[in-house]
Each structure stands twice: as C-alpha cells, then as structure tokens.
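As written, the chains take the letters A, B, C and D, and residue 1 is the first residue of each chain.
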C-alpha cells in the first residue's frame, strides 16, 4: 500500500526539503530525483546533510518526462520551466504537485502581466487546484490531477486573513501586509545579494511594489471575499535562513474585542492539525515553526487607532513549500493528511 | 578649545558607543565614565573592544552627581533612573544630554500613563529640548541646558515622515508603521529573550500594541503636523545586533508621482549631512548605515492601491542613540555638527 | 508494549530536545516533565515551539523523587544537582539516564578536583555505565540501571579518536584537540556572554586550559588505549546555536596512506547507524547533522608534516546530549536502537 | 602635503574597505577607483554603504595601467591578475601596495607549485617587501617601491609566533595552527558555498591540507627563525562576516611560567600601536577588533601536557588586508604610521 514519487528539480532548497520529508514518509517511496546540473552524481554530494541516503542519484530531467515511473510527480523546477514539463507528466498518468508559480494564477492574462511571458500550458489553468487545504477546498484537492502548490508569502497571508474575509468582518480595502522572509526563499543559486556577508546584519526591503506574489494573494483573497480585494504587500529580507512572519493590518467592520477576534480565528481553525492561534498577549516568532509544517497565528487589536493586526509565522520551506506539497500529496493519495509531517519544530 | 565630557552609565551598549565616538572626537575629552556595577574596574574589562583605552576606570555614579567635573554630561542611565540624576547634574552647571526616555515626553500625565510612575523632575520637562536636529530645531538645541535625546524607533520614523506631515501632504490618520530592530536595542542586560539561541533564526513581533515609543512618536508627529496624529506602530525583533528599518504606510493627499514624492524628501533634506534619500527603485538595508550616524530613506508609491511607502534605516546605537547624542553635543558646544561623526559605515 | 518516561529539568535546551524527540517516539510515552522554575505552567509557555503539546504541564522536582511514575527517568538537571536526585530515582525502581556530568567520572577524587565539591553519591560511580554505544559497550548499557550520558565535546572527540587508540596506531602523547561549539552548549540561562550581540560576529576562545570535559575525554581515551592518555583540549565558541566541530591532530605510528586512514575509520564504523565517514577531500560542516543524531567524520593526512587530522561534527543537543540519551534508552528498554531518531538533518 | 592614491579592483570587499579607510585619511586623496565589471557606474551603486561618496565612479582597469595618476597604487585585484598590472604601474612611477598573493612568495618555484602557473613578473620578486611592519622591517617598507601586503591568515599567525621563533624559545617542529575565518575572506563573488543559508549554522573545515597561505606562513616563519619551519595549518569557516582567530599550539624550549610567556610577548610588542597582549586568563574574541587595525594576542600554558597555546585575533579585512595596506602606505609616504587607522573597533 505504498506509492512511488518522483522529485523533479531536487537540487534546490525545496527539492532537498521534499527529499528530507519523503524519505521518512510512511507510505511514499522516492522512486527518483532529477537535477540537470548534477545529473549522474549522488544527491548526497549536492546536499551533504542527506548523506544517509547514498542510493539517490540525480538523473537528468529529460529521462523522465517521456516515461514517468511514479504515482505522484513533484515539480520543484523554476518558474517558466515547470509549465513545459507538467503537461508531459500529466500525459504519462502521474498526478502532479507543482511547486512553481506556473499554475497558481487562473487568468493567463494576469500571468503574462506579472511574469512577462505567454503561458504555454494555458489549458491546464482551469483544472489546476490551488493547494492550500486550510482554505476549505480539500475535496477539490483530493480529486485533482494537478495541484498548484501555493507560494510561501501567500500561504502565510492567506492563513491570517482567510477567516476574516470569508466571514466578511473586515474591510476589503486598506489591507496593508508587511512580510518578512528568511533568505532561503531566494533559492540556492549563487547570487551576490544572498551571500552571507551581504545578508548578515543587513535586514532590508526589496520589491516594495511589484512582487510577483501580489496577484496570487489578491486572487485567493478575492475568491474568499467574493469580491475584488487589493493588498499593499511589502516583502523584506531577514538575516536568517528559514521562516516568514507576515504582519497584516486590517480595518474591522465589527466592534469585536481583542478576545473575540482571537476566538474567531481559533474557532475557524479548531480542527486544523497544522494551525495554532496564540493566546492574547503572545506574539509569534519564526523559531516556533522551524522545520515543521505548522502555522502560528496571533491577533492584536489597537483600540487607540482601530487597526486590527493579524500576524502569522510559517517555515517558508515547509508549510510555505515542501511540507504543504506533501500535505497535498497525502490528500491526493488518500492517506492521513499529516502523514510524514508529524515532526515537531527544531528549536533552538 | 577642547571641553570635558562625562558619561554616566558607560557599561551599557549606548555607553560603550559614546566612548567609541568621543574617544576620537577632535574637541571633546572624556573626563570620566561611571558604572555602578563595575565601579573601580577598567572599562576595557567591561568592553574588551576598548582595550586601547586602558586609562578609563569606571567610577560609581554617586561620586559625580555631587561634584560634576565636566562641561557636558551624557546620561546613558536606565529609564526612571535618569530623572533622579539629571536635576543634580544641571545644578552643578553641566549641560546634559539625556539618552533615556525620561525627558522626551512633554506631558507628565502621558509619562505616567506609559511608564507607570510619577515623574520626579516634572519641572524640567518644559525646558528640555527634543534633540533631533533634522526636525529643524537647531537653534533650540544650541541654547538648551537639557537635551532629551530621541528614542531609536522615533528617530527612524520621524525622519521618514517629518517632511510629509510638515507640508501637510499626507493624511494624518491611517498611519501604519511597521518597524524592525536589531537586538542591541534591548540593551546588554542578561535576559533569556536576548540570548543568541533565542534570537537567531527567530524573527519575531513583540509589544504589538503598547510599545512605549508610541507616545513619543505621536507627540513629535503632532507637533510637526500642527494637529493630533495617531500611529499604528508595530515593533519587531531582527536576528542581528544593530540597525532599524521602519516601513511607513501613508495615504497621500496630493496626486504626486513616485518621482515627485522622492524629490519632495530629497529637497527637504538636501542640506542635511546625515540624511540620504535613495533613487527610485532602490531600497534601504540596515548594513548601509552600520556604525555611522547616517539615515537612509527611500520612497515607493503603490499606484494600484494608492498607498505611499516611506522606508528608513538607521543604526539604532548611533543615529538612534549615541551618535545623535554627540551631534547634539556638537550643537550645544558650538563645534562643527558632524565633528567626530565622519566615520563611514562598516560593511560587511 | 510502550513504556513511560519522565523528564527531570525539562526547561533547559536539552530538556526541550528530549521532549521533541520523545513526543514522537514509537514506544516511549512522556509521563511527566518537571521544572522547578516553571512549576504549574504549560511547557508550551516555556518552549513556544512545543505548542502542539499543550497537555504537558511542568511539575516541581520534589513531586517525583519520592514517587516515580516512569520506567525511565531522564535527568537533565544541572551538574551537582543531579547527584542528589539520581539515588532516589533509582531507589524508586526507575532506570536513569543522567545527562549531567555527575556520573561520568569513575574516580571521585578526579571529580572533586575538577568540580570543586565532594561527590555525594560516590557509591554509584562504579555501576554507572558511560553511554556512548559506538565505543562498543552496548551490552553494559543494556544491563545498566544508571547511564552516564556523555558530554557533548567528549562525544565528538571520542568518536573521532576511539578507533585509532583502540587499534594502537597513533601516539598517545601529542594529542591536540581544537573544538568549536555552538552557543546552545552554554544552556538557556540568561548570561551576558551568551547574548546575541555578544556572540554574533564574535568567535572566541574560552577556558583554553581547564575545561571540565578534559578529564572525561582523558578517562575514556585512556580506557580505549589501555594506557594513560593526556590531551591538549581547547574549546571555542561559534556564533551559531547548534553544532560541534572537533579538529584532532595526532601523530601516526604507522605509515598508512590518507586513503588507508580513511578506510580504517570507515571499517570500524561500518555497522554503526549514526556514524558516517566522508570520502577523502570532503570536510565536515555542522549543518550536515543539525537536528539529527548523526556524527560525521573526515580524515586528512598532511604528508609534509606527518600530522594526521581527524575531524568530527555532531549536533551538540542531539548526538551530544538528548539524542544520545534516547539512543541509550532504546538499548536499556530493548527496542530498536534508532527508534525515534530517524529524522534526517534540517538544512538549511 | 597630501598625496594621491588609486585603488585598482575597488568592487571587492578589500577594495571597499580601502575606500572606507582612505576617504577619511588625513593625507591621502582617492584619485580614482577601478572596476572592470562596474566600469562607468558610481561606486555607491556597488557599495550602497558608500553613499556619502557619490563622486567616485568606477573606471576600467585599462585606463590606468597606461597612465597612472597617483602616488600610491593599491592593487586589490585577484591573484594571478595582479602580476600583470603591477609592472606597468611601477613603470609609471607609482609606488604599489599589492594586496594579492602574487608578490608574497620569494621563490618563483614555490609560487608555481602552489598557484599552478608560472610567475609572469618573476624579476620583481626579489625587490618586493613583505609588508608586515610588526615583524621589524619598517626600514625596508619605507624604502620599497612594491609592497607585498600579507595574507589574512599569515598576518594573524605571524603576529602570534614571530616573537617566539625570533628568540628561539619554541621548537620549530610540531607547530599546529588551527585558524578560523569569517566568510568575507572568500570575497564578494557569488558562490554557492558563501550563501547565507549555507554558512549560517554551518561552521566547517576546508582545505585542511593544501591551503595556499601555507607556504607564505612557512617562508616568513623560517626567516624569523633563521631555519626551516613547517606548519600544520588548518583553516575553518566561521558563520560571521569578519574576523580571524588563530589558535597556535607550540612546544616550549624553555621552562617559563605562563606569566613569563605572556610578558615575553607583551615586551616584544610594547611599542607597537596595533598589537595588544591580553592579561592571563583572558581570551580573545573577533569582536574585540572588528573594523579596526588592531591585533589582540593571548597566551595559555597547559602545564599538564606541556603545550603552549598562543591565540590571536584580527579583522581579516583591516589588519588582515586593507588596514595593513594603509599602514604600509603611511610608512611608504612618511606620514604617521597610524594615520587614518585610529578608529576603535565597532562592538556590538
């Protein structure tokens, strides 16, 4: 009763994280991993921390798009590359969890605007399912052939705001979202801006207008609200490897107390295994979720100014990428949703 | 033509930073340093990086309040302690630059509300001058006997917003300020929350409502605007030692272009030696100002949502504390405003 | 077929790590945790990353020494405290894994010299078993009532040198060991020297002569060599939370090639699930083992000078403390040695 | 009475550091900076922390080798590139301080062995002066036309061992040197191994045998000893930007006490402005020298094993590169040796 998975693009951080999680999954078996760059070499050379898995050898991508040997294919390929590989994988009969941004936006026109290229697999956009189970679309995920695994920033923000927009208790305008991410979100490619000496002691803003996660956030918030939502989204880079903290500023439509706002969120997520809402007066830290698939939320009401602040933390590589992908795979394959994701966070 | 300075409370980070700057100041001479805790011991034991200054021995505070041997006294004592020492120092004839929060708020009632104690030197509040020269009150600083040296968060925020409120070009409501600070802002006292293992990989929110810098920010912004201003102020802790980045979200009252907003700030600060406004498309990083008295600002206009974003970075221990104190001292003593503050930032 | 464990001193880093590992152990059940300081409060307040375990409430130590409700008691109490609690726990019939240094030295006189106090449970020293299974004493561990869990530095060093001393292929004199540890080794107590701002960018030497792990290292190396061994042991502090890297300099007694030295180690550990020996030309990094119970070794022979260099890395809180304790528990209770310890390292 | 300097290769970390120091030097004026990669662009784009120097525009290297407009040329070019530029610069009449390794080794054969290429300016090797003033060759430096600025590791090690070898009080064999460096030593080129996520929490060994600084260390130690010296030199990478700590293990030839060893070093360096020897029982930390041209030494004698340990810390970019280059320039130009280097270390 096990099944086979393949990991396309295993040499990036999300690829390595998929291997870490799936190698210890009770039902999945890693059938193969691919890496163009390291084809033919052991994955343990690419990722020395995976030295306990000497049997995994990187294969070139081309081997597999023609003849897929897996039940579920994870695509951890770069944006604009995934959309070329996914159609072939689906044709071979695999279910696909795509970690790129290529199938997250439903509107090909919006894709073109933000990614600067025509979408080359536009016909798949409609059937792709946005894989954030806590938004309430588990049935769609279970039946999907292609899962668009959400972006890291969007995951942190949607978990914070979904209950409020769904229940129509905050204004849809004036959403201000100030997010901060660890540098692993920039990937493992050698880039001067990601060097240790550039990042350490160097908290910074970047892409203050125009970050590509903006349309993804707005698309999903609008669906939840049933009406157009626009967000002021500012990303920042934290001198740490993992973790996202999003601070969301919203205007309440109801005169609830701080405690009631906290209860609203807690009740909404009471049956969710991966979402925790902190007590009033506690604030989240990224080291509460490091290495785990958990999201932690907190609420603060500023009675002086009327702003409600909702904060969330996730590990960008787990709940923000590979952990969520495994969670989606579990739903796709009909196994326990938290299978392989029970690890507690690593602290310190 | 040199003058003598004394540093009260030299064993904290702002005290150490005062020594670093003043020991190389062309006109000031460090007459003495005090530390209750390390009284009798060389300052170079307290701060090994000051090994080149073996002659500085920590004296107890009590030695000096009775008989001050300096022209300018820097008080780097804790909040609620400074207000007991300052009156004595003034009585002895010294000019005082106080780095605590004790003389920043003009209204003793507001002080009581936020600090939980009666002010014990209430009569000095009126004559204390808020020492942020870039706000345009250099004359008052020059003539002052007591300078209330601004807080680190307020400095970063006031520099970003002063031109806009002074010229009445943004709404006074809906100010959302999301600030991030390095951990040296919490001081050198041993506290579990400041341990390396708690802070590293642990970006976090704290005091989301109710940080004590809030009334200071509002007082000064209101003075600039000529009308009451309230701010939604959220501080966060960055896993790095130094630096503050404040991201300020404001609503324009005029339909300026991004470039015009940038020019407005650049023009406002064109004669300021310590303020730089970045070109459009550039975003600030705390490592641009590390160890220096500079502030760097940047502007981004989000045309999609109408929000204007103003960002600023400072080194919290320099422009946010000790550097600004030296700048104020220079004005007080009639020497070049940038004397002793010419050092370029240290990067990486 | 599960069994109950109790964790004494759960509020330190090794205590938290025991909880992380044991909460997901297939056979062990955490019956209780103790903390004098946080008695009565949920452990998730002490360690927010354990928010998924709200049922664990800290009990005071005194509750339990009188009436132990567990099969295995983990003592994560401070040195010199453990030796008072352990006898009582044994009297109650529990097996004990002690993570302190109190039962590691066989000679009470040596203990007195290095720890400055009389040993108050001297009669237990003889029967305590030093719990480093890879040294080859698994049978003794299985039959023990009291396990002295090794220190973090000694674990890293013994794994590197045991095969060489056991087979008598290096000189017993001239051992130079230069070790580097992450700051979590200093524990969670608030201390100025462990503050983020003191540690970041502040690699340093400490206790260059006289570190208390020295006699532990020498005792075990001497037992392996069958003759007295002395070591020049220098610890250093790395600006990171977890991980130890030990660089050991030894003089060969045999003219082996680099490859043969590597083979010697690889062969020695070929059946060990937690020890990996890197290929020639690869060097270990602490991030290869972070969060896991693995040790990674490497060898380099300097033909120019004749020195052989053996390097090892472990996670000081896992293989250097809590993971090794669980490994010992597994042996004690007759379950699979790697049960609960299968997690792969977390990288980045 | 000022003079002009040019900086060749200004876009690397040592180049940026030269600019930081020279822009505030009382006698030197930066006439130009070069960067092939950023030719035509302001240096403040390359290094945002140099925003206060908007007038510096990067020129291409080729502009200047033909017609040098400076009294002193600093070559911060890569190894194997410098040796092509230096002869031309000398021909133009400039004095040259070369920060590369190209002119440090006196023996072209040794150069070939370690750098894998023929030396293309072999005739200059004899007249090049190794620029470590504390070794006692100030006269030669003053009269030189070409200064070979020492490597960072060699500087830290030579300062620690020079007095002992010069006075022939330690064995020349059995030198074990375990060095640790911040990652800025690897330069600013984008390389996967220097990414924040690879370096943070990832202390590691590298090039354990065969680091190219080995022959430089041995050459200078041998000159000091008047007889061949070989060293066992192991470099390691610290997760921090700046700083080197070298731990040197040597065998005494004299039965001195720890205090006497300390005095020997202190006396040797008593007139050196940039070298400090710590009291017994104090150990150095890299954050004692960060941003400054100081070296801090400490001594520990292990009476149990007979090993003497000498430790040193420097800032690899200052005393280990650009600060030392400025110190050499000061000697070359007959100005105060510490001119422009008075800055105290930045801590935290």
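By our rule, a residue touches a chain if its C-beta (ideal position, glycine included) is under 8 Å from a C-beta of that chain, and two chains touch if they have at least 3 such contacts.
Here the structure is a predicted model, which means the values were calculated and not measured.
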Interface with more contacting C-beta pairs, comparing C-D to B-C: C-D
Chain at maximum distance from subunit A, centres defined as averaged CA atoms: D
Chain centre separation (subunit C, subunit D; CA means) in Å: 39
Approximate Å spacing (C-alpha centroids) for the pair subunit A, subunit C: 36
Rounded Å distance, subunit B centre to subunit C centre (Cα mean): 45
Subunit D: positions in contact with at least two other chains: 13, 182, 184, 197-198, 200-201, 239-242, 285, 287, 290, 348
In the complex, subunit C residues that touch subunit D: 174, 176, 178, 180, 182, 197-198, 200-209, 230-232, 234, 236, 238-243, 245, 247, 249, 283-287, 290, 298, 300-305, 307, 309, 311, 348
Residues on subunit D engaged by subunit B in the complex (per definition of touch): 13, 16, 20, 23-24, 47-53, 184, 200-201, 241-242, 276, 278, 282, 285, 287-292, 294, 296, 342-348
Of subunit D, residues touching subunit A in the complex: 13, 182-184, 188-192, 194-201, 239-241
